[in-house]
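Some structures are shown below for you to check.
Common to both upcoming complexes is chain A, partnered first by chain B, then by chain C.
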Partner chain A sequence: MGNKQTIFTDEQLDAYQDCTFFTRKEILRLHGRYHELAPHLVPMDYTNDPDVKIPLALIVNMPELKENPFRNRIVESFSEDGLGNLSFNDFVDMFSVLSEMAPRELKAIYAFKIYDFNVDNYICKEDLEQTLNRLTKEELTPEEVVLVCEKAIEEADLDGDSKLSFADFENMISRAPDFLSTFHIRI
Partner chain B sequence: MPRHKLIASESDVSVEVEDEGKDNEFSIYYVEVEENFEGGKEKQATRDGKRRRVRNSEVGRRASEKRTNEAGNKRAEKKHDKRHKTARKEGEKHGRKQRRKNADADEAEEESGKEKKNIKNERTKTLKLEDEKEKDVKKKRKKHVKNEEDNAKPEKTKHKDCHDMPLKEKKKKRKKPETISESESKSEPESQSDSDSESKDNPAVGVLGSLTPEELEKLKEAVDERKKLIATLRGKPWPMRKKLVVLRESQEFVEKYEGALGKGKGRKLYAYKVMMMKKWMKFQRDFENFKTACIPWEMKIKEIESHFGSSVASYFIFLRWMYGINMILFGLTFGLVMVPEALMGKPYGSLPRKTVPRGEEASAMNFAVLWDFGGYAKYSVLFYGYYNSQRAIGWLKFRMPLSYFLVGVGTVAYSYMVVIRTMARNANEEGGGDDTSFNFSWKTFTSWDYLIGNPETADNKFASITTSFKETIVEEQESRKDDNIHLTRFLRVLANFLVLCCLAGSGYLIYFVVRRSQKFALEGLEKYGWWERNEVNMVMSLLGMFCPMLFDVISTLENYHPRIALQWQLGRIFALFLGNLYTFIIALMDAIQLKRAEEEIVKKNMTIWQANLYNGTMPDNSTAPPFTAHPADVPRGPCWETMVGQEFVRLIISDTMTTYITLLIGDFFRAVLVRFLNNCWCWDLEFGFPSYSEFDVSGNVLGLIFNQGMIWMGAFYAPCLPALNLLRLHVSMYLQCWAVMCCNVPQERVFKASGSNNFYMAMLLVILFLSTLPAIYTIVTIPPSFDCGPFSGKNRMFDVIQETLETDFPAWFGKVFSYASNPGLVLPFLLLLVLAIYYLQSTSKTYKRVNMELKKKLQTQNEENKKKNKLAALKAANELEQQRSNSASDLGVNEESSSLDEAGHHRQAGHNGRFIHPSQHTQNSGPPVTSTHTTTRTPASRGHTSSGHLPGHPHQPQKNSHSKRR
Partner chain C sequence: MMELREFNNQVHPTPDYPSPYGSQHSLRLRTVPPQETSAVQFDWASPPEDAEDSNEPPNLRELPLHMGLKRAVWQVQQMKIPVVSSSWNIKQSQTFRRFCEVAKHVLSYFVLWKRGIQKIGGHFGGGVQSYFLFLRFLVILNFLSSLLIAGFVLIPSIVFRSMNFNSTIPTTVNLTGVEICLQYDPKPDTLMVFITYFLDLISGTGFMEYSYLFYGYYTNFNSMVESNGFSYNIPLAYLLTAAFYFLFCFICMIIRMGGTARVAVVTGGGATGGYSALVFTGWDHGLQEDRTTKLKQSNFRYRLQVDLEEERLKKKSASLTLSQTVSLYALRVFLNMVVLILIGATFYGIAKATQFSQLMKTTGFKGLVLQYLPSMVITASNFVVPLLCDKIALLEKYSASTTVILALLRAVFLRLVSLGVLLYTLWEQITCEGDISKQNCIPCNYYYDEYKCWETRVGQEMYKLTLFDFLITIATLILVEFPRRIVVDHCSCKLTQWVGRQEFLVAPNVLALVYSQTVVWTGALFCPLLPFINTIKFILFYFCKKITLFQNCQPATRNFRSTTSNFFFLLVLLFGWMLATMVLLYSVTKIHPSYGCGPFRFSPTMWEVVPQAAEMLNSTSAEFLFYMGSQKFSIPLFIFSCVLLCYVSALTSVHGKSVALLKSQCKLEQRDKQFLVRQIEELNATVQKEQREPQQPQRETDTATRWNQHDNYAFDRDEDPRPY
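On to the complex of A and B.
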């Protein structure tokens, strides 16, 4: 890459900087990473906004996401079609939300989406079970999983519907001491 | 919303365009418009006469600037739809009232916009026809847009077309435009609530008219709103495509109307202000870009993060931060003290203080001496003693002593400022704190470290999460197992006793060693070997190395939870370091006293020597003192300041060396041994006893903090310290990065010392305070040496301020200063400060309390809600059961339904809750009634239909859930 070849126009870069928490250099770096994922698909020249999408399978193999137990959910949550195909816009969006500068509220919204496996806008027991199984590589016994799920819901559920709505989730996550430092990917 | 009025205002502008005689496309078009509304227009034309030119040029510029692309096309189409709808709405609404009067004119105007040929033919058509026509027009307009010839024109026509109604109303029925516009704006709440559509509407909507002050106000509000939207856009949870569209439109809007905002004489100023603001924003962004481009080691840290998770990386981020601070400190001392003295001060050898004494000359260039910062190093800009007390040096008349003093003060002040500011910022970012009420959910949702990108680390993390879950479950099940509490208590007391012994022992050892070294120094160091000369530093470094290990062993006695144990450990190491440092300082104070006594003797000898010299060389002439002795031969005082500086520099050097050597031996050689001896050893070295080392985050951070403390303490007496420290940090960044990547293994169990870095920051602050204390004490109380340093000849070091005030400032300034510094003023001022602190603290306390109360209230309310919901659910279930049983008895399928009810019971409770959002609850006093209603209906619509959407992606999740479920 580099500046010899124009990847974005100045207006585009400015627009991206207005819409994300990135600086010019980081956006260019992001484009480099995006291009790396599928060199034959992604053009180097983005000045005319080509409509390119990279499928989930490729993105999930990025070293940043590879070990993450929620990688598929992350990519799906940020894709516009919900299936995990990311355009460059979505890609930038994803890392912007996961960047260090993003505020807690924004991160909470997307964290909720990520943990909401069945996309019903609630984190219910199934979601929790899935989360737990991915976190522990299914090394907890089923009884333990059930216990943890029940406890978690009991703690965080404010309106008593035995699943977590976004309000519940936000209330819980906004007080978590480690949330900001762990829900963060450096690009 | 000022929409209505804005519309009117745009026509105004366009009319003005025509007025000015610009013959472009839309001027023709507006001629026709004008024909229709001569009467109304005239007034506006006169009223807005002043503003014309500006807006005129605006419009022209915009038209030229506009470049269409695909996105623009799409957007334009969307706009058409929206506009169309709103226009139709308006039409229906007002048309009923004023159809007779308006219809013809409306159409005519519209036509004129689109097809100039048949303007006046269709005046008699009714509203329905008008609607149809609008569709036609729309199609044509689409073509227009796709032509991409001139975007400005279609846009203009758009505005015209959809807002002609209000415009006309405004012009013809001047009496009640207010009410109409209001009712209209109310009639479109959906479009406004949806910020997307709003933003699409507005740029076009905002079309000008007669700008009365209040309209102007509204326009201004709208523009400000847009600006705010642009500023906060990055925090909006929308997909990027939408953000980009919104951004572009908002920017267009702002650009369009900002120029119209100023009025009268203020306009130019306003335009200027806007322009400057834009420039300033641009500059800020560039600067920000530049700043991030300058941040070093980003990639290194990322790599470490992905290998070791966020806690190890936090050390390196801290190190980088320290590096930044030291860079600034170095810049201050280097630029304002060392360089001026080296360039403009008297050269080496011109003064006794700038010359190596005759006795030391022979060994002054020896490496061993230089390594100890003796010899030539001692008599150089690196140390306090070299500086001359001459008030102003060089052709710049640089006030060297003043600069030296101010830099010393500024260093400390800057450090305080940075540390406190960082702490405040961290405190803002911190979560709620250690609420233990969310134990399980926090573990579930925040325990994965998203930074991890290394399989081994990931495996460790999985394992540690699993064990932590298991532990918590066990804890939860048998909440407290008190097995032999007496034994643990005894052990803990014992452990603390042992630690105290260690601390006291190490303190005594240091004191002993320092005293001994003074004895050596008095007898002359030449007789002793390397060890005797470096005893103090070596002992301190060794203590710092081995005592923490000892503490670690002792802490196994205590049987604390790892997190608590870590905190104890940190506290103990902190105490050890602090104790050592302070013993060192006390010993140093003793040394200072000794040196000062020595100095007195030298002073006396000096006069004798001078007299001898004087008498010896020129026995007869007593008028001019020639004083021709070589500076190296002049007897001189011991210069305690340089001695202090030297001590600190040596300490730093030896500390650095031990750190590096431990790194090499403890990490690298251990790793090499383990790796290569493993093949021929009787047990598994990699997983057995030595294994690979883990990175000790807390110990390293503490080491860094104490190192910094020494810098702060010694920087006044040795201006080279920040430079040395910079070098050290730079090297250790690379060395440690390498070591951590090549010979450490990821931690098996990560327990952060604290939720955020504020714990470390607090320690740094404490150290900063403790290290400035002795420095300030020596500056204030001990008189400077008589023959070395920038303050020589003065009674106290801070006298330099007084001197500057008297000689460099006008007399009145000194007077004012002396008044201001008199106790009668200073004391009340201090009192005021104390009062202010007290006030602020009490208010913050009150806020905290109010916060707590609110929290409590929220909690009780939530509990109440829970109860209510349960009750409601029960009730609903009963009702349902009754209904079911009724119907079932009718149909004769009793058994099934009852069993279904049992199963559905629980579920319904859940459904019920969903409809009562906590926020609604506060408003609705009687939710149970409504909720029962909903519950009775819900079973059919289980799942996603009524769920509240997240702020972004309003409709997508449903789609997904459909697709997923199938």
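On to the complex of A and C.
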């Protein structure tokens, strides 16, 4: 239905529509954006699902991500190999989770992944310190950083192991009213 | 656990034998690698506790899997479709879903200013965006209201007037003794100088007074249209349209408040959580501009430092001596008195200005200034008094969040009550302070000499307030904000750098919108075109504010809690609505309408048209309507709504308690899990130790007794105790 496009088969578009929060038009637009990032790498014809991945360095130059202090972690969390090389599937997935229609639970899962810098399934003090440094451009004094990290863990840690598991994180997110509106990238 | 997995594989075979439950189950087991599972700490391997999702496929969009896996699951789902009986249902639901998505997509084109507001959010953050969302809500509200009024009041009036009907006095009305009140001749001179034309335009007098803009032009045409078998009761339409307009605005506001309140209630108001919530949810990932991001980062640092400082202050204040505490409280009480005196002086000034301007009769430019005197006093006070209150608040030494809330409350109080003072002064003059036996109010029940058509005068005041508000905003833009930016950008002396660029403060801007909307609501009965004028005004506001935002402003250095503040602003809007409703109800039921003008000139009150119209219906409808209005109906209705309110509040408290219970259960489960993991580790250690020393059987019994002592009912003694 609609105008004839040759980038995807109808079945592929249906699959994308059911697996993400985007409509057909938006998926085609996303493909355009993906192609723009590396025109020589990305084919215009995706009907046979080519295995093309754009490296991290090109993705983080997108205007939506360029100024985000967590851009590397965001791209790494959505890549299958964990190194930040995104296929089109991962690209669409990323913006679907970060869109305004994704539910809180789903966003919390990926937010946890993003803030877990050392990928050990816990947000420990070092992860928090790194987060804080990126948020404040490293302009807090070391004592202030330590103090804020201690307070943050104290508030959110429920099981007393001085690091945040996913359950602690989700519980803390559920009490923050602005999470849905801040964890949102418009594309 | 190993046995459990093997057991599962036997019961639910490999996926080339698709079944609704088993295929996804084993698909999950087969394709989700172990490290993937633990990465999100979801126990995909265990079957779902509740069987409710075994009948419908899981919502693929909400699965935290990689897209490749999701598409594989989708393909499997598609494969199981060709079961003849259910294929039509599934196809139908699919096409319906497609239709919904297309409809949503098409409707999104009709969302006003979507891209513009998105761009604002990307550059300036959520706080400023919420102001523009609020502005858009008000534009749509005003537009729909003006359509309502145009459709039911304006167009019929135009049609009937163009058919050259004359309004006649109905025979049922006794007009002895009040002939003097019937005289009202606002027709302007046909020869007008341009300056008079312009003055009339902006003060609503002269040619503007006797026009569709104001109440006085509408007449009661209902008596003559019946000849064609078609009757349209204009007075009834006028009144009911006003009532529906208020009801419509109320419903829109409640719906919007409900949405915001739900978020605020679910998250417990967001006051708790402090540092962790700030660190993890404080960063707005939607920000795209370099300058904004840098500013946001320094804002973050500022906020954290302020929070840490507040903690230090709190600790210090907790350690204050008794005399210091007493002196601090005494200072606060004194400063609150000062603020109240200031606000009281403002109200007195407004009252005096209103009285003065109503009674003066000069024309020309001086007359214009006098006419606008109340508006000028109100605007000046709305600017000066909050500034002074901010300076006073510095001395009061409250915490930062309390100071912000207090400043907002004071500003709201000042704005709404100053409007109330203006209306009260008008009322005083029109109805001779409520006492219709006074000299001035004798024949007509209102102050006839001054106010030949008092509704139009009230409408004119509201019109002037609206216009003046608009002019001042535009003037501020042109004369203050643009020059400030030019000076700051081109002159690099210390003073200008310290003053800096304009900051877009959300709270005062939103309060200005609330004030404008309250003025429109108050004036809508007397000036039916006011919502339409307001729509245009707000549309122009949008474009002007957007221009000034991008050209002159820097992003806010102080953070803005959009979710809870949104609710607060809607609440203030609701207060404004209540003020306007009180004015409406009072003027409809208590004050005698003007004899000389308007659709209600021959009824003792405006409300009288409704019972008169109800009487003309057939007897059953009339009886029904009268019953609904009587006490026999309203008292049981009131009792019933009280019961409903009690029920709903009981439900709310039960939900709140269960939320608290679930949260503590969460904590308890975490502790249980820790305990069990420790148990397993201990047991593991002892088992390994006894594997190294197999010839000491009493150790084993020790282990067994210890095992039994801890009563670990979760594990079967014979099961493999390896951790999973």
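The definition used in the following text is that the second predicted complex is superposed on the first by the 182 of 187 C-alpha atoms of A that agree within 3 Å, B and C clash if a C-alpha of one lies under 4 Å from a C-alpha of the other, contacts with A are read in each partner's own complex, and residues count from 1 in each chain.
Going forward, a contact is a pair of C-beta atoms (placed from the backbone, for glycine too) under 8 Å apart; a residue touches a chain by one contact, two chains touch by 3 or more.
The shown structure was predicted, so the numbers you read here are calculated from the model rather than taken from an experiment.
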Of the partners chain B and chain C, which touch A:Asn48 in the superposed model: first, second, both, neither?
-> first
So, A:Asn118: does it touch chain B (first), chain C (second), both, or neither?
-> first
Touched partner set for A:His184, first chain B, second chain C, both or neither | both
Quick one: classify A:Ser162 as touching chain B (first), chain C (second), both or neither.
-> first
Is A:Glu64 touching the first partner chain B, the second partner chain C, both, or neither of them?
-> both
Overlap of chain B and chain C contacts on chain A, residues 15, 17-21, 23, 25, 63-64, 66-70, 80, 87, 89-90, 92-93, 96, 98, 102-103, 105-106, 109-113, 115, 119, 121, 128, 131-132, 135-137, 139-140, 144, 147-148, 151-153, 155-156, 158-161, 165-167, 169, 172-186
For chain B, which residues are in contact with chain A within the complex?
-> 69-71, 230, 233-237, 239-241, 243-244, 247-248, 285, 288-289, 292-293, 298, 301-302, 305-306, 310, 314, 429-435, 437-455, 457-458, 462, 465-466, 469-470, 473, 476, 752, 755-756, 862, 865-866, 869-870, 906, 909-914, 916-919, 943-944, 947-953, 956-957, 959-961, 963-965
In the complex, chain C touches chain A at residues 38-42, 60-62, 64, 66-68, 70-71, 74-75, 101-102, 104-105, 118, 121-122, 126, 263-264, 266-270, 272-277, 279-290, 292-294, 297-298, 300-301, 304-305, 308, 561-564, 663, 666-667, 670-671, 673-674
Sites on chain A touched by chain C in the complex = 15-21, 23, 25, 63-64, 66-70, 80, 87, 89-90, 92-93, 96, 98, 102-103, 105-106, 109-113, 115, 119, 121, 128, 131-132, 135-137, 139-140, 144, 147-148, 151-153, 155-156, 158-161, 165-169, 171-186
What residues on chain A touch chain B, complex-wise?
-> 14-15, 17-21, 23-26, 48-49, 63-70, 76, 80-83, 87, 89-90, 92-93, 96, 98, 102-106, 109-113, 115, 118-122, 128, 131-132, 135-137, 139-140, 144, 147-148, 151-153, 155-156, 158-163, 165-167, 169, 172-187
